[in-house]
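Alright, structures below, take your time with them.
Each of the next two complexes has subunit A plus one other chain: subunit B in the first, subunit C in the second.
Right, the complex of A and B next:
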């Protein structure tokens, strides 16, 4: 199982808002494919999947705030 | 990059002004690493002002530009540099490293510099942009103005003219918002129509791109603006 983690992005940016999941739980995903869109004070960006497999669980719903290091989803 | 602490005290900025830390030599490597993990195709790299460093931090900008060129061949890199204390050699070195976009923000109009940017210089910033373009005419230069800090409309237009004369290619103009109670209050909310007018005036002046609107920031749609300018050249 691979964790999709919010990485440390920039100086002074320690949180982000989840705005959109491109995939749903149970979907097949490819490594490097965009999984989720996030917005910080400075930028909007997409987080790619760490591995190919199945998106098992989404742990941060759209509209929620997440911190650097937090697990957003699990890919099996 | 170059830490969380700034050695200047601009009235509009909320960045911390405590003791500056020693530069991290691994920083370019870490920036490239995160760019790879996020599969970034366009990086905008900026720093605090580091008057405590002999070169003002320019070598760190050179290192990050070179790291991106070596490790992320598909990615474009835009830098947003401080004024390096007016040291010409710092500007020359960063320009020679050939970023795709060389940004330096003028921030406000000439008259407000002594109030808003006490330890910076209006002419110094214009000179820096002009020098960067002279050293490397292949890269695009870019600057930004914060509106709503107490300037008059004609002063914004005057600053646009000064930037245009400094051969600045891209201009962004956005609404100043007060980051906290220690910062300067908002003097006025600029209406969308006025922002539209600046866009028109700027385009007529000869800027290659003007982004002007309430939500515009210096990094606003940076990649799209870069691509649009390149397409039209």
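Right, the complex of A and C next:
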């Protein structure tokens, strides 16, 4: 099982908002493909999947605020 | 590589950016810059609201404008002829993986460009973009896919500013918008502006050197994709 973790997106910034999930739970995903979109100020960031497999669980819904280091999803 | 598309459809240009992002992520191309103008279009970013468009979407046609929801950061803005839009395709993995630092770099680029014309512009803390006094002249909204950037910044040069009264730019109430033409009181040569943008781009992104200024003759490994997108 691989954790999808929010990396630091900007210096001195420890949070972002989830704006869009490109995949749903149960979908097959490929390593490196855009999995979830986050926003900080006037920048969106598409976080790639860390591995190929199945998106098992989404742990942060669209619209929620998340912190750097937080697990956003699990890929198996 | 620098690509000057002249006037190009917003969505066509976006699909080219995405292809370049894909190739940049694979290391097939270097950091690049697209320069463009768009036909009249309002675009709304991920954190934008349709309420910030102050005319009925159905009435846009008679203003010869369209509306597109897109995946950059930010709220509503307007693009039209006479406005230069720049879309850097840059791998931020080589630039400290700092999205806010990148927004500041784009502000610097626009501020430096305007200073070439003797215009002293500034940034405003908490209101990303470039301002001439209290009037907005440079608009910024970016995206990054796996740290490679697309979307970018637009600068009002000879833009028809009447369109900005049809929206609340960036979702800000009562914001006045200006252009280089309005500030200097004369039409500005767009080719000159574009050349200066390239210089400013090289200055701000110092690790970057243009290898080739590609104008209309689009060469290189993605010629086929670009031609297909332009067709």
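Everything below uses one rule, namely that the second predicted complex is superposed on the first by the 75 of 76 C-alpha atoms of A that agree within 3 Å, B and C clash if a C-alpha of one lies under 4 Å from a C-alpha of the other, contacts with A are read in each partner's own complex, and residues count from 1 in each chain.
One rule holds for everything that comes next: a residue touches a chain if its C-beta (ideal position, glycine included) is under 8 Å from a C-beta of that chain, and two chains touch if they have at least 3 such contacts.
Every value quoted in this text rests on a predicted model; they were computed, and no experiment measured them.
S.K.: Among the partners subunit B and subunit C, which is in contact with a greater number of residues of subunit A?
M.R.: Between subunit B and subunit C, the winner on subunit A residue contacts is C.
S.K.: Between subunit B (first) and subunit C (second), which does A:7 come into contact with in this model arrangement: first, second, both, or neither?
M.R.: both
S.K.: Once the shared chain is lined up, is A:45 touching subunit B (first), subunit C (second), both, or neither of them?
M.R.: both
S.K.: Classify the contacts of A:20 with the two partner chains as first (subunit B alone), second (subunit C alone), both, or neither.
M.R.: second
S.K.: Which partner chains sit in contact with A:71 here, subunit B, subunit C, both or neither? Use first/second/both/neither.
M.R.: neither
S.K.: Now for A:37: first (subunit B), second (subunit C), both, or neither, which partner does it touch?
M.R.: Once the two structures are laid over each other on A, A:37 reaches subunit C alone.
S.K.: Would you please give the residues of subunit A that touch subunit B in one complex and also touch subunit C in the other complex?
M.R.: 7-9, 11-12, 32, 42-43, 45-48
S.K.: For the complex, which residues does subunit C have touching subunit A?
M.R.: Result: residues 25, 45-47, 71-74, 96-103, 128-129, 140-146 of subunit C touch subunit A.
S.K.: With touch defined as at the start, can you tell me which subunit A residues reach subunit C in the complex?
M.R.: Touching subunit C: residues 7-13, 17, 19-20, 32, 34, 37, 39-48 of subunit A.
S.K.: Spell out the part of subunit B that touches subunit A in their complex, as residue ranges.
M.R.: Checking each residue of subunit B against subunit A gives 1, 3-4, 15, 34, 37-40, 44, 219.
S.K.: Which residues, counting only subunit A, touch subunit B once they are in their complex?
M.R.: Subunit A reaches subunit B through residues 7-9, 11-12, 32, 42-43, 45-48.
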